[in-house]
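In what follows, chain A forms one complex with chain B and a second complex with chain C.
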Partner chain A sequence: MIKLRFSLFLCLLVSHGAVAEYRATGDLGIVIERAKGSALIINTSQRSILAKIESLGDLSHASVVFSRDERYAFIFGRDGGLTKIDLLQDKVAKRIIQAGNSIGGAISQDGHFIAVSNYTPGGIKIFLTETLELVAEIPAEYGENKLSKVVGLVDAPNQQFVFSLFDAGEIWLVDINNPKKPEIKKFKAIGKQPYDALLSPDGRYYIAGLFGEQGLAVLDLWNPETGVKRILPDYGKEDEKLPVYKMPHLEGWAVAGDYMLIPAVGQHEVLVIDKRSWTLVKRIPVAGQPVFVMARPDGRHIWVNFAFPDNQKLQIIDAKDLTIIKSLAPGKAVLHMEFTPRGEEVWVSVRDDNQLVVYDTESFKEIIRLPAENPSGIFFSSRAHKMGL
Partner chain B sequence: MHRTIFLCLGLLSQAQVLADPPPQERQETLRNMLRHDCGACHGLTLKGGLGPALLASDLAAKSDDYLVDTIQNGRKGTAMPPWKPFISEQETLWLVQTILKRH
Partner chain C sequence: MIKLRFSLFLCLLVSHGAVAEYRATGDLGIVIERAKGSALIINTSQRSILAKIESLGDLSHASVVFSRDERYAFIFGRDGGLTKIDLLQDKVAKRIIQAGNSIGGAISQDGHFIAVSNYTPGGIKIFLTETLELVAEIPAEYGENKLSKVVGLVDAPNQQFVFSLFDAGEIWLVDINNPKKPEIKKFKAIGKQPYDALLSPDGRYYIAGLFGEQGLAVLDLWNPETGVKRILPDYGKEDEKLPVYKMPHLEGWAVAGDYMLIPAVGQHEVLVIDKRSWTLVKRIPVAGQPVFVMARPDGRHIWVNFAFPDNQKLQIIDAKDLTIIKSLAPGKAVLHMEFTPRGEEVWVSVRDDNQLVVYDTESFKEIIRLPAENPSGIFFSSRAHKMGL
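Let's turn to the complex of A and B:
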C-alpha cells in the first residue's frame, strides 16, 4: 500500500512536471535572422535560444514591438509582412501581408493598436493588436497626389502616433482616440529627407534626423502648436561630408544627464546636445559613420556601432567625461545591440560571422557566443513598457 | 545584309564588354556586399527601400556605363555613396552584369 501510494505520488510528480513547463516572458527576446527570413526566441537570463520561427518573408530591416502583456511579439518585415508571434507557444499566432514595402511599426499607448509605416504604398496602416484587422489607413499624400515613404514611426502619449515623410519633409501627428477617424496634424517644411526619428523616454520630444540638409527637427508634444523647431542647422557645414554607406538609426534616446547623444550624418562623430538649450556641446570623433548610439539603461555608458566599412567595431563612450573608454571587435558586420532590462549585459548581432555575442557591460568581457544565421535586429520584451519603442 | 553586319557588331560589342569574372572568393564577397550592404538601402532582395529598386527590369533602360559610374562615384544630391574605394571598375561591371542577370 505504501509502495502504491509512493508510485502514485511519483506519477503525479512526473505528470505535474509535464504540464508545469510554465514560461514567463519578461526576460525573452526576438532576434531577426534577416537573410533566412526567420526569428529566434531567446532567453536573456539563461542566455539561450528557445525556438526558431521560420517563413517570415523578407526580414531585412525588420523590427519588433511587444504587446503590453509581453506575450506577443509583432514583427514588421520589409515585404509588408506583419507577423504576430506567440512567445508562450513558439508559433505564429497570425500573419498578414499589409503592404508592398515597409519599414517599421509601433504599438499604441493602450496596447490595442499596431501601426505600420510603409514605403509602398507610402503611408501608415493601423491594425487591431488582437486580430490584426485593419482599422485605419493614412496615405502619406503630398504635392499632387504623390505618396511619401514613411519613416520614424513611434507611439506617443494620449493615443498618438508620430511619423516623418521622407520625400515630403513633413512630420505628422496622428490622434487615434477615435480609431475609425484618426485626427491628423501635419507639420510641413520640417527639413529635407528626414531619415529616422526617436521619441524621448518621457514621451515629450519627437526628434527627426535629416539626411538632405544639416540638423534635426524637434517637435515638442507638450506644445505642438509651437510647431517644429530646427536644431543644429549649422553643424558641420564647413566640413566635407563623408559618404554614408548605411543610414544611421535614431532608436531610443541616449541620454546622459542633460546631454543627448546622437549619430552625426556624413561625419565620423557622435554629437552631444544639451537638451535644455538644444545646442551642440561636443563632437566626439569615433571609428566610422555611427549607426546606433545607444545608452546603457543607467545612462553611464553609450555604445556605438558603425556603417560599412567600419562595421566590425564597437566603441563605448563614458558619459562621465564624454570620451571613448573602450573599443571592441566583435566580428564581421556588427548590426545591432540590445541591453538587458537593467543593463548588466548587452547582446550584439554579428551578421557575417553568424553569431550573437553577449558582453558584460561593466568589464566589457565576452560572456558567450550563440549561433544565429545572419542575425540583425535584437529586441527584448522589456520594450513592451517603454514609450517610443 | 546591313542588318546582319549590325547584329554581328552588336554581338561583338556585347561580348567585348562582358566583365572578366573576379576569382570565386571575391565573387562571394561581392555578392554578399550586394545583398547586405547595397541591400541596406535597396532592400535585401533589391526590390527597393530608401533607395530605388535594382531589379533587372528596373535598370533595363540604363546603360552599363551609367550604372558603373553610379556605383563607382555615387550620385550627387542623393544618398548613393561612391564605392570606388572598395570595388574596382572591372568588379563593378561584373556586379552590374550580375544584377542584370547577364551571366
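Let's turn to the complex of A and C:
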C-alpha cells in the first residue's frame, strides 16, 4: 500500500508536470539577462515570467531567432555560443560553442537552417535547426587569405542569407537551396567598414551602414545584377569632433507608411526618408542620440530610445505629422523595446533598474513592472513569422 | 501488486497522452471542409493533417481567427455558429449558436474579445474570447427600427472594430476600450450596398466595395473626422450585361511595394493601383474573373484564382514588371490559398478534387497533395499576429 501510494504520488507528479505543458507558443518571448548570462522565458498575454534559463555564456550583444513552430529560441552569444532553448519544457535543448567571437545570426526562410555570423574566425557557419549539426562553413576571405569580421547577417526570401564584411567592404548574398553547396554572389567595394545592416520588412532591400565613410549601401534583392548603390550621401558621422556614444542599431529602422525613420549618427535627431526616392524629408529633434527607432506594428507611432547620457528616456513620434507626442522616463539605461505582435503593448528593458516595463501603446500608461537582472534584448516568438530579423 | 501495476499502467497512459501534447502552435492551421461541416487541424512544417473536428454546422462562407497565443481557432459559421477549437487538444473547447445567419468575425487587438457580424438579426455581437460569454450587442439599426445586414467586419488598432451596413450604406467604427459600453461612430451615405471590405495591412485604411454603384468607400482611421471618401470612381460592375459569376473577395487584395493589386469585378483583369494617389496604373489581363488576388508575404509575387468557369486555374504575377510569369492548373474548383508566414510555400484548396495542394512558391513545383473533403478556406495560426483579418 505504501508502494501504491508512492506510485500514485509519482504519477501525479509526472502528470502534473506534463499537463502544465498544454502551453501554446504564440505569445512567448525571451529576455536576455546580459550580465548574468541568463535568459527569461516570458508570456505576453499573462505578462509573466515563466522560467529562467542559466549558464548561457557571454550574452553581451546577444540576439535571438525562433523556429517556425515558435517552439525553440536560438540565442547567439558573443562568445560563439549557440543555444537552442525549448520554450515548452523551459530548458536548454542543445548548446554548442561554434566560434570564438560571434555577433548574431538568422534562420532560413523555411526554418531548417541557422546561420551565425562570426568575428573570429571571420565568416558564417550554417547549422541544421533540428540538431545544430554543421552543414556549411563560409569563410569571409578577401585578399591574401585574410578573413573579415562578418556583420549584418539576415535571412532573405528564396532561402538566402545576406551579410556584410566589415574589413573587406563587401556584401555577400548566399543561396542555400542546395545547403551543402551554397552559391555565393559577392558585391565588392560597397563602402568602407559596413558595421550593421537591415532588410526592409518586405525582404527586398538590404541596407548597410558604413562606419568608415558617409552614406549607406543598398542592395536591391529583386535586381541584384544592378549591384550595390549608395544612398543618402550625407548620412553618417557628420562631425568628426562630435562624440558618438553608441552607433545606432539599424535593425530598428522604422517603416511607417511612405516614410522610413532612421537614427542620425551622433546627432540628437531622427531622420525621415522618403522610401521611393531615398531622399531626406525631415529632421526631427529628439532628446539624445537615438539608438533604436522602432515603429509600432501599425506604423502610427515610432518609439525612440537613446545612448548614454540620455538613456533613461523614451520618446514617441506620431507618424501622422512627424512630431513628438510623448516623452517617458522608464528608468536607468533603457536598452531595448519589443512590441507585442499587434502593437497594443510594448515591453521595455531597463538594465540598471533591473526591470522590464510594459506600456499600453495607446494611453502610454505603465501596465506592470517585472523583475529581471540587467535585462537587455527582448525578443518575442512572433519573430518566427517575419523575414530579415 | 495488481493494484500497483494497474496504477502504473494508468500513470503511463496519462503521462503518454500528455507528453504527446508537447506541441507548439506557430505552424498550425485550420482547413474548412465546407460540405461536411468539419475542419482539419494541419501542420505546415510537417505538411500533415493532425486531426479532424466534426459537427461544426453550416460552414459555407466560414472564416477563422486565432487567439493571440495561437492555441485556439474561432470558426464563424454561416448558421450563426461560433466554435472555439483547441489546437493543442484537437477538440471543441466551446460552441455556441449566436445568431441565425452570420457572415464573419474578428478578434480584438488585445485578443480578449471576438466580434461576429450577423445578417439575422442584423448587427454585431461581442463575446469574451475566454468563455464566449456575450459582452455587448450592437444592432445595426437604421431608419425606423430596420436592421441592416452587416458585412466587412475587421479589427483595427486601439481596440476598435469596423464594419459596413449593406442595407443602410453606412460604415460604423466601434471602440471597445470600455467593452460594456462600446462607443460607436457612424458614417452615413458612404455608397450603395457595401458588400465586403478590407483593412490595409498597416491598419490605417478601411476600404469597402460597393455592390449598388461604382467606386470604393475609404475611411482613413488616422483621420476619421474627415469622413468617408470615394476612390476609383470607375471600379465595379462595368457592364450591366456582363455576368458576374462571383463578387471578388476584398480580403485578398495584395499590397506589393507601392502598388495594390485588386480583382476587377466581372472582368478578366487584375487592376494595379498606386497606393499614394489611389489611381489606376495598369490593367493586367488574366485567365478569368479573379476572386482572390493575394501577395506572397514578401510582395514579390501575386497569386490569383478565378471564378467559374475558370476556377481550375491559378496565375502568378511578378510585381517587378507586373506581368504573368506562371499559370498552374491545380484541379477542379480552386477556392482559396494561404501562404506560409514567410512565404516559402502556399497551400491551395481544390474543392472538387477533394485535395489540398502545397506548392513551393519560388519554383512553382508541387510538393505534396493531401486529402480533404471539399476543402474551402485555409487559415494559418500566424494570422493571430496580424491586424484586420
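What we mean here is this: the second predicted complex is superposed on the first by the 360 of 389 C-alpha atoms of A that agree within 3 Å, B and C clash if a C-alpha of one lies under 4 Å from a C-alpha of the other, contacts with A are read in each partner's own complex, and residues count from 1 in each chain.
The working rule: a residue touches a chain if its C-beta (ideal position, glycine included) is under 8 Å from a C-beta of that chain, and two chains touch if they have at least 3 such contacts.
These numbers were taken from a predicted model, which means no experiment stands behind them.
Set against each other, chain B and chain C differ in how many residues of chain A they touch, and the higher count belongs to C.
Of the two partner chains placed by the overlay, only chain C lies in contact with A:Asp298; chain B stays clear of it. In the superposition on chain A, contact is made by A:Lys246 with chain B only, not with chain C. Of the two partner chains placed by superposition, only chain C is touched by A:Lys386; chain B is not.
When the two structures are aligned on the shared chain, A:Gly111 is found in touch with chain C, with no touch to chain B.
Of the two partner chains placed by the overlay, only chain C lies in contact with A:Glu344; chain B stays clear of it. Once chain A of one complex is fitted onto chain A of the other, the partner contacts of A:Phe166 are limited to chain B, with no touch recorded for chain C. Of the two partner chains placed by superposition, only chain C is touched by A:Gly26; chain B is not.
Of the two partner chains placed around the shared chain by superposition, chain B is the only one that A:Ala333 touches, whereas chain C remains out of contact. Of the two partner chains, chain C is the only one that A:Leu88 touches; chain B does not reach it. No residue of chain A is contacted both by chain B in one complex and by chain C in the other.
The part of chain A that touches chain B in the complex is made up of residues 34-35, 58-61, 78-79, 101, 103, 119-120, 149, 151, 166, 193, 195, 211, 243-247, 308-309, 333, 351-352, 374. Taken together, the chain C residues at the contact with chain A in this complex read 3-4, 7-8, 10-11, 14-15, 18-19, 21-22, 24-27, 44-45, 66-71, 87-89, 109-111, 157-159, 202-204, 222-223, 257-258, 276, 297-300, 320, 340-344, 362, 381-382, 384-387.
Only residues 32, 35-37, 39-41, 43-45, 47-50, 74, 79, 81-82, 85-86 of chain B touch chain A when the two sit together in their complex.
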